[in-house]
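For reference, chains read A, B and C in written order, and residue numbers begin at 1 within each chain.
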Amino acid sequence: MPVDFTALRLVEVSRTFGRRRALHRVSLTAEAGTITALLGHNGAGKSTLLSIAATLLQPTSGTVKYGDTEARQGGRDLRSRIGMLGHDLYLYAELTAAENLRFFAKVYALDGVEARVDAALDRAGLTTRRDDIVGGFSRGMRQRLALERALIHEPRLLLLDEPFTGLDEAARGALRTRLRGAREAGAIVVLTTHDTAAIEGLTDAAVTLVDGKLAA
Amino acid sequence: MRFVRDVWTVTRKDLLIESRTREILLTTMFFALACVLVFAFGFVREGRPVQDAAAGILWIAIAFSGTLALGRAFERERQGETLRALLMSPIDRPALYLGKLLGILILLSAVELLVVPLVALMFQAPLFDHPLLMLGLLAAGTLGFAAVGTLFAAMLVRARSRDVMLPVLLYPITVPGIIAGVRGTAALLQPEADQPMALAWLAMLVFFDVVFVTMSLWTFEPVMTD
Amino acid sequence: MRKLFTPLAVVTGAMFAYAPFMILDAPYESTMGLVQKIFYFHASCGMAMFLAAFASGIGSAVFLFSRKAWADHLAVAGAELTSIIGLIVLVTGPLWARKAWGVWWQWDARLTSTLVMWMIFNAYLLLRRYGGPGSERLAAAVALFGMANVPFVYWSVNVWRTLHPKTSVIPSLVPGMRGPFWYCVVAFLLLSTLLLAMRSDLERRRQQLDELYLAAEE
């Protein structure tokens, strides 16, 4: 049984890279069924925090807990409950939309792969483009596909790094709807953005980082 | 079993991408061919190759083209930051390593299918006289090179100067493998093929492979996690 | 630990001050005469280089699996020392070869192996310097693989060379030579230990400086 949790807790998390302090004693709690926004300018430490939450980076000090499980003990079970949409989208430009989804479905050891792929394509509105190479997609299409890829294994924790960048109003609306759907399903959603207008009315909590520290 | 499935998932994806574009395969093959040609101009005098040149040229071509292929293969994972996505996934890190390694091995095998007959032809080298030993040397030598190369290429994905760093790091470490490959092949190319010698080199290569594949599997996780 | 630096430096300095006299008194080797005496430093440096390389390899292994800071400091110190002492070996070797056999470099098994090991640890230093952030871990893998490679490098280069035998580099030791030889070995091992310790300490303090820098920013 994969480990499941209902809260992400960062306690006094710091991260330094040599002489550069990216994060300084950041504490944050995000509960299931909520959308939390991480605001701040570029270089404020948002992406670093997200990477730590995704288990890609270890904090220099402080603890990261997923429910009662500490990051270090999580292992494979923990990773199967986390989904991330990075700035670079995590898609293979040389494969088709369906192949990308199929690959990640297999990576997450899901059953009923084809059904899930079809459902994900449907939600992304890409069913007619399923056998087209992702390299030929527009930014918006890639974003929609990448989002579905991040959600295909129904993660408990969904992390999104600047998801609204480069999207037109229609695409933004679609993204907001999708995120609300994830929230209804009980996911913990944490997204970063430097565009406060985009998340108007969407988030349950907002936290601002300034130079790696939480603003009051 | 899940482990084996994960390895195959990764390898299959790499093969799928490659089968679509054939980019790395074709460019690497061409590069290997160019290597052989350039070295030929250095080592063939009056239409006759210098003794043992064939063995040396074969393995240098493999090493050089292998380095390029490794770099390109991981450059692909860098583009969409997909390596990060894989590290974040539930796939065991050793399975990820083996999956990438297997893909590289298949690619290099295809390149060698071209280069070996070519060298045999252009340098009048009887590479096919002892097919089993030759195959053993090629397999073991390529595996050792690819095993260390996959680890290094993966760990350099986000490093600076990664293009030049890969050969700088890889060649000194794989020197024993190269020596064994070249001398083993040369032993087989003698007028009176020195099979015991070739076998001795093969044994060393196998030992080298066991040690370095194990070490690569073991260090992949600590090296890749921050 | 730092308290030991001065006495160790004094002892090492004294040993080196006396070393030339010991070497001068040592018996002449039959075929090479005076030139052979470079061997006392050359071979000792060879051993010291191994000590440094192993220190770096072991430090790297510990660092990779436990992330202990001291291990990384030892790894860097060992790699730098390997590079410097290796350079001494690679310069004294050809100097000796030139005078003794008329050729600067004849792919002698031991020297060639030393060259390969030297290159591996230079690659380590290049990676640390130019690899960008996080290159300590990557370099640690290189040092570990380098250390594991030592037997393979030696075996393969040896067999590679015995196919074309040339004169052996290290003659068997006449009794009168053993004293000065082991004396020089000890002197160089002490020097290596001292330099390893001092360089590790320097690295530790550099890291402390980074931490103070960060703390001061608050």
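The working rule: contacts are C-beta pairs under 8 Å (C-beta built on N, C-alpha and C of every residue); 3 or more make two chains touch, one makes a residue touch a chain.
These numbers were taken from a predicted model, which means no experiment stands behind them.
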{"item": "Chain contact graph, described as a line, ring, star, complete graph or other shape", "value": "complete"}
{"item": "Between A-C and A-B, the pair with more C-beta contacts", "value": "A-B"}
{"item": "Chain at the geometric heart of the assembly (C-alpha centres)", "value": "B"}
{"item": "Length of the line joining the C-alpha centres of chain B and chain C, rounded to whole Å", "value": "31"}
{"item": "Cα-centroid distance, chain A relative to chain B, in whole angstrom", "value": "37"}
{"item": "Distance from the mean Cα position of chain C to that of chain A, given in whole angstrom", "value": "49"}
{"item": "Multi-chain contact residues (two or more partners), chain C", "value": "134"}
{"item": "Sequence positions of chain B contacting 2 or more other chains", "value": "226"}
{"item": "Contacts with two or more other chains, residues of chain A listed in rising order", "value": "none"}
{"item": "Residues of chain B defined as touching chain C within the complex", "value": "148, 151-152, 155-156, 158-161, 165, 168-169, 172-173, 175-176, 179-180, 183, 200-201, 204, 207-208, 211-212, 215, 219, 222-223, 226"}
{"item": "Sites on chain C touched by chain A in the complex", "value": "133-134, 210, 213-214, 217-218"}
{"item": "Contact footprint of chain B on chain C as seen in their complex", "value": "64-65, 116, 119-120, 123, 126-127, 130-132, 134-135, 137-138, 140-142, 144-146, 148-149, 152-153, 155-157, 159-160, 163"}
{"item": "Chain A partner contacts - residues on chain B that touch it in the complex", "value": "2, 5-6, 9, 13, 16-17, 20-21, 76, 79-82, 84-92, 225-226"}
{"item": "For the chain A and chain C complex, residues of the former touching the latter", "value": "16-19, 21, 24"}
